[in-house]
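By letter and in written order, the chains are A, B, C, D, E and F; residue numbering begins at 1 in each of them.
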Amino acid sequence: MPNLVRPTGRAFDELRPISLETSVTRYAEGSCLAKFGHTHVLCTASWEKGVPGWLKGKGEGWVTGEYGMLPRATHTRGRREAAAGKQSGRTQEIQRLIGRSLRSVVDLKALGENTITIDCDVIQADGGTRTASITGGFVALAMACRYLQTEGVIKASPIQKQAAAISVGLFQNHPVLDVDYPEDSEGEADMNVVMSSDGGFIEVQGTGESRPMSRTELDEMMRLAEKGCNELFAAQRAAIG
Amino acid sequence: MPNLVRPTGRAFDELRPISLETSVTRYAEGSCLAKFGHTHVLCTASWEKGVPGWLKGKGEGWVTGEYGMLPRATHTRGRREAAAGKQSGRTQEIQRLIGRSLRSVVDLKALGENTITIDCDVIQADGGTRTASITGGFVALAMACRYLQTEGVIKASPIQKQAAAISVGLFQNHPVLDVDYPEDSEGEADMNVVMSSDGGFIEVQGTGESRPMSRTELDEMMRLAEKGCNELFAAQRAAIG
Amino acid sequence: MPNLVRPTGRAFDELRPISLETSVTRYAEGSCLAKFGHTHVLCTASWEKGVPGWLKGKGEGWVTGEYGMLPRATHTRGRREAAAGKQSGRTQEIQRLIGRSLRSVVDLKALGENTITIDCDVIQADGGTRTASITGGFVALAMACRYLQTEGVIKASPIQKQAAAISVGLFQNHPVLDVDYPEDSEGEADMNVVMSSDGGFIEVQGTGESRPMSRTELDEMMRLAEKGCNELFAAQRAAIG
Amino acid sequence: MPNLVRPTGRAFDELRPISLETSVTRYAEGSCLAKFGHTHVLCTASWEKGVPGWLKGKGEGWVTGEYGMLPRATHTRGRREAAAGKQSGRTQEIQRLIGRSLRSVVDLKALGENTITIDCDVIQADGGTRTASITGGFVALAMACRYLQTEGVIKASPIQKQAAAISVGLFQNHPVLDVDYPEDSEGEADMNVVMSSDGGFIEVQGTGESRPMSRTELDEMMRLAEKGCNELFAAQRAAIG
Amino acid sequence: MPNLVRPTGRAFDELRPISLETSVTRYAEGSCLAKFGHTHVLCTASWEKGVPGWLKGKGEGWVTGEYGMLPRATHTRGRREAAAGKQSGRTQEIQRLIGRSLRSVVDLKALGENTITIDCDVIQADGGTRTASITGGFVALAMACRYLQTEGVIKASPIQKQAAAISVGLFQNHPVLDVDYPEDSEGEADMNVVMSSDGGFIEVQGTGESRPMSRTELDEMMRLAEKGCNELFAAQRAAIG
Amino acid sequence: MPNLVRPTGRAFDELRPISLETSVTRYAEGSCLAKFGHTHVLCTASWEKGVPGWLKGKGEGWVTGEYGMLPRATHTRGRREAAAGKQSGRTQEIQRLIGRSLRSVVDLKALGENTITIDCDVIQADGGTRTASITGGFVALAMACRYLQTEGVIKASPIQKQAAAISVGLFQNHPVLDVDYPEDSEGEADMNVVMSSDGGFIEVQGTGESRPMSRTELDEMMRLAEKGCNELFAAQRAAIG
């Protein structure tokens, strides 16, 4: 790929600078400020005793996600969803994805009848907010589980493996890793990939924006995603300590 | 795969009986009752002169999708979304997918400042309602475009290629084509694939339900999806005539 | 009435072709596709164990109705109520009427603490959707009650008599039976009449659209309604078998 | 009817004490406090220049009604609809009736492009709130039209005839006039009748509560309604002066 | 203040004519029609056995307030909040103030597990609706408590002292008492003061409308408020008897 | 006040550590992260060309405020308002206060037909979120105005003076400055004071929580507020530079 020039000068298979800072808020059982370049997401994990009604009495816990964006996280101010009176379809789609992804690496039996809510609030957005939310949300979740063990609420950690997510795309018809906003706006295709630390694919969501993707391109994009997630797994382990 | 027994006795790479009946309602510019086995979706294409505000004056048209399910389309009655006062996250996610998929095969310039709304209403559900919606929605859209050409509203057809969708999954750890509700409930993973008739992938949405998917499984599932979509393209051509 | 020419060529006291097809969906305890000419309403009866909170512990059951219209059931597409975030006043008025009418022919004590919800969804509309809903809804209800008896949920049928409904109107100043959409748009008055099979009037709702009705006209319209309902009672008995 | 004893001692064909007091508020273009016994409804007519969007440019005016009930208008406090976030189906049904009834006696062409909104707010309720609303609403409307003539907004009065409404019912199986709350709770049937002062029926809404009504009963109830409305027309003329 | 001329000719420290009429509705446990000049607020106190969920089992009662304005209480018609589907921020702010103010003079323990809801509905508005609501609401509350004592629901009165409220403002740069609508529209500042009959300040809410207030002005406004509240306390005692 | 011991060891007239960091986000025209001890509020000022409809063509600008709290800003997680579908009364009350306070120090004529929206999002809460919002919101507003001048959007700064806010309260019956959450929970009274840098009072909102406040206490609390605001004005000037 000699001709590809990414707006930030990154190599096609290079992540943005990644930072996963923990214990960033005073009250949450676990927290992580995840930065993927200029994308900053504050992730908190809140514990509550008990489970939603439909799960009561089964001896299982629940992990769920919520997502929001501050009105001026973006180039131009967006409408506050609380003022609009409802969450957009996009918001709901993302928070369903966060919850599903994190639950897939947790042993809900081991969690007991406890609920952990992962709030992912985007302070600043430059593409990839959902992947930063999942990656940072996992760290917040892991911190909260450690805290609950320390406090004796749960005996063993319910975390079975790590979960991380990254976006890949087609930009100037080249597969690229960790798509930022300028690349996303002009790119041909975009795929979010959620992986588990044992090499499995938890979720794959690819969309041809300006044209469909070929089988070959899909394959290459998935290879890039595997590389990116492996780097994120390492960053998560370093953050959790 | 000698040991796989699907509940309906189908081969692992066999679609359910497919029926795409056109001109099923009296008023819509285009319509199609899409049946994938026991899943029945009524798709109508409604034409309206003009475009949404943000698109005015650009000489382009718009194609959008809406999705709904009759309360008793399912085994147990679900709450009517109009009575609940809002559309669920799942509904919004599906209708965004329908719109995105169909727009990707339409030349919006050639459509001129016209809007076509594809309504996909599930009369009966047995898994795969979103793939039946997209496949049948394309037929309704094509019928409407032909009607608009006949009426002189548009000169050339804005349809550039066909779009169709199918689900694939892991059932008893085997990749299978066109997952029905019983298979989906017990299966390990599930992927919806939207393709264009030139062999491209418009959208890929895979989820590991009870466990992540391996790269090999993903590859095999995509191969099945290609086979299924090719059969759907043929059925669409037969329906449109 | 030598001068009256109805758009469809019907006699002033002639119903549209009536069809009440049963068992049209796979899951509902009872179902009926009611066609009054081009007006097609899918009616399903869904059983649920238990009753609403305010009725608990009284040993009585509940029958309720819900009504909806597919967006393109009409000449021009209407807004989807689930997307609008609320049901219109008209929708609520109709579903209150359906529930009230059907409850009036049911012995709620004999139903025990069970709830039956009648969903009436208009697939295609050409006037008279509420009368087709009540007439078809009764058939769906009767089918469900028979099923619940067979299953041993209830001992005796709670159905005490039949309920059916028809519209009558003034068109070109002549009383006419079973008003369709073109007649309704141009007619002077309109009345919906719900009757029980023992000749009683369950509900009478008449409106002078372009002028008030005289006492004589009201009397003649009610006579026509009696004739129409008697024909519907016969059609219901044939459908239920 | 020798055996009928109404709770208030009234004869079967006797209205409650009726009072239609005008000019009861300081700002409204027309107002009337309508009392039917213990039922008290404050009706105001508010004028606004212009018409709703869909009526613009047709040279016609619009008359519409809104209805509300103070939370403690009734024996036990009801929930405030503004707090509940929506108007009940009953409220919407009533305000549609008020608007339809009053428009039917107004020449909307003569009103010009003006809108008059009739607000009917129930201060105290003892049955018959919708009939008091229509009867008092007509007085408020007439007062507002006279004011608009005086001010030169309109040239001639758009009022073509009077509109009034009364309820009739079956109580202890006897037809009775002007049903109050205790009679309504125990009665067999209930009918609201809106009439115009030339003897026509604008709206007839009858419901068999505990049993269907016979043709004979319906006839007798309509006769009573005619008697009642004639007395209300006289009271309206006296109030308007 | 020789130059100050108030629109109504009142002295700077003069209340409008105050009237607190009790027992004005048939059903409420306590009621008061509070008139501060042309501002008329109907206050009812409704008793309900039991308390909100979060207060259950503590042996304490609850007093809460709701506030509404009839659409044509004002010079030009406002939108009905029930039709708008939500209460405005202003409405919510006022009803929180009413509840807080009245609770502060009640011994909730002595009330036992009972809830009293004070509904304040503005029939006509000319400024000062929130102060009339609190002043009249206290009277309705006191009447209800006396009724509950008479009925044996509570043993001793939970009322510990009186609560009343008045507005003060800066008009033509002079402090004035009991600001009416014309003064409020043109005035420089506005303050609502809620006092208890032992001379304490329950709530103070001052706003500089066209300019900030000086410390000296604030002091003078509070002195006026004390004078006004003392007159209101006397009027309340006379009303309650 | 020899006996007063504040939980944080502060003197009765001592602010918490104050930090007003500017330019904390990448996109907003002005921004400030305001910290009052553990209370952290992110304030952004967003510029939009044009004004709301009701202000068009008057040559004036508009400044408005919005307020939100991240779900886990508090000790226990609160419900996300966007998910609840509406902003609480408290939220609306606060954002009305922010807008009113900041508008009072801006010359809206000098702003021209431009709108500036101040978003105040609470990242962490420990009492005093509304006063930190106003104080930090002013800084964000001033930064945005300077930017708009630099860009030539406006000629002169529309900022006429500074606005800042602080809370004062009664804790253990002593007046104290800058009440934090533990003091607020146990305190007797609470007052928010918004001042302008010329010594005027823009807004005063005092509430007796467990008992009314005396005139003497009110006076002392206002003196403390003056002291606190003067310190905040200095901090603002240092931050803005």
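Just so we're on the same page, contacts are C-beta pairs under 8 Å (C-beta built on N, C-alpha and C of every residue); 3 or more make two chains touch, one makes a residue touch a chain.
Because the structure is a prediction, the values reported are computed rather than measured.
Looking at subunit B and subunit C, no chain is in contact with each of them.
Note on D-E: its contact pairs, compared by residue number with those of B-C, C-D or A-B, agree for more than half at B-C. Overlaying subunit C on subunit D by C-alpha atoms takes a rotation of 180 degrees, rounded in steps of 5. Work out the mean CA point of subunit A and of subunit C, and you get 51 Å between them. Note on chain placement: the centre of subunit B and the centre of subunit E lie 59 Å apart, centres being C-alpha means. Spacing of subunit A relative to subunit F, judged by their CA centroids, is 33 angstrom.
Annotation for subunit E: residues touching 2 or more other chains are 85-86. Chain-to-chain contact here is organised cyclically: the chains close a single ring, every chain touching exactly two others.
Interface residues of subunit A, counted against subunit B in their complex, comprise 86, 88-90, 92-93, 95-96, 100, 104, 191, 195-196, 198-208, 211-215, 218-219, 222, 226. Contact residues on subunit D toward subunit E in their complex (touch as defined above): 25-28, 31, 38, 42, 44, 46, 48, 66, 68, 70-77, 80-87, 91, 117, 119, 121, 123-124, 126.
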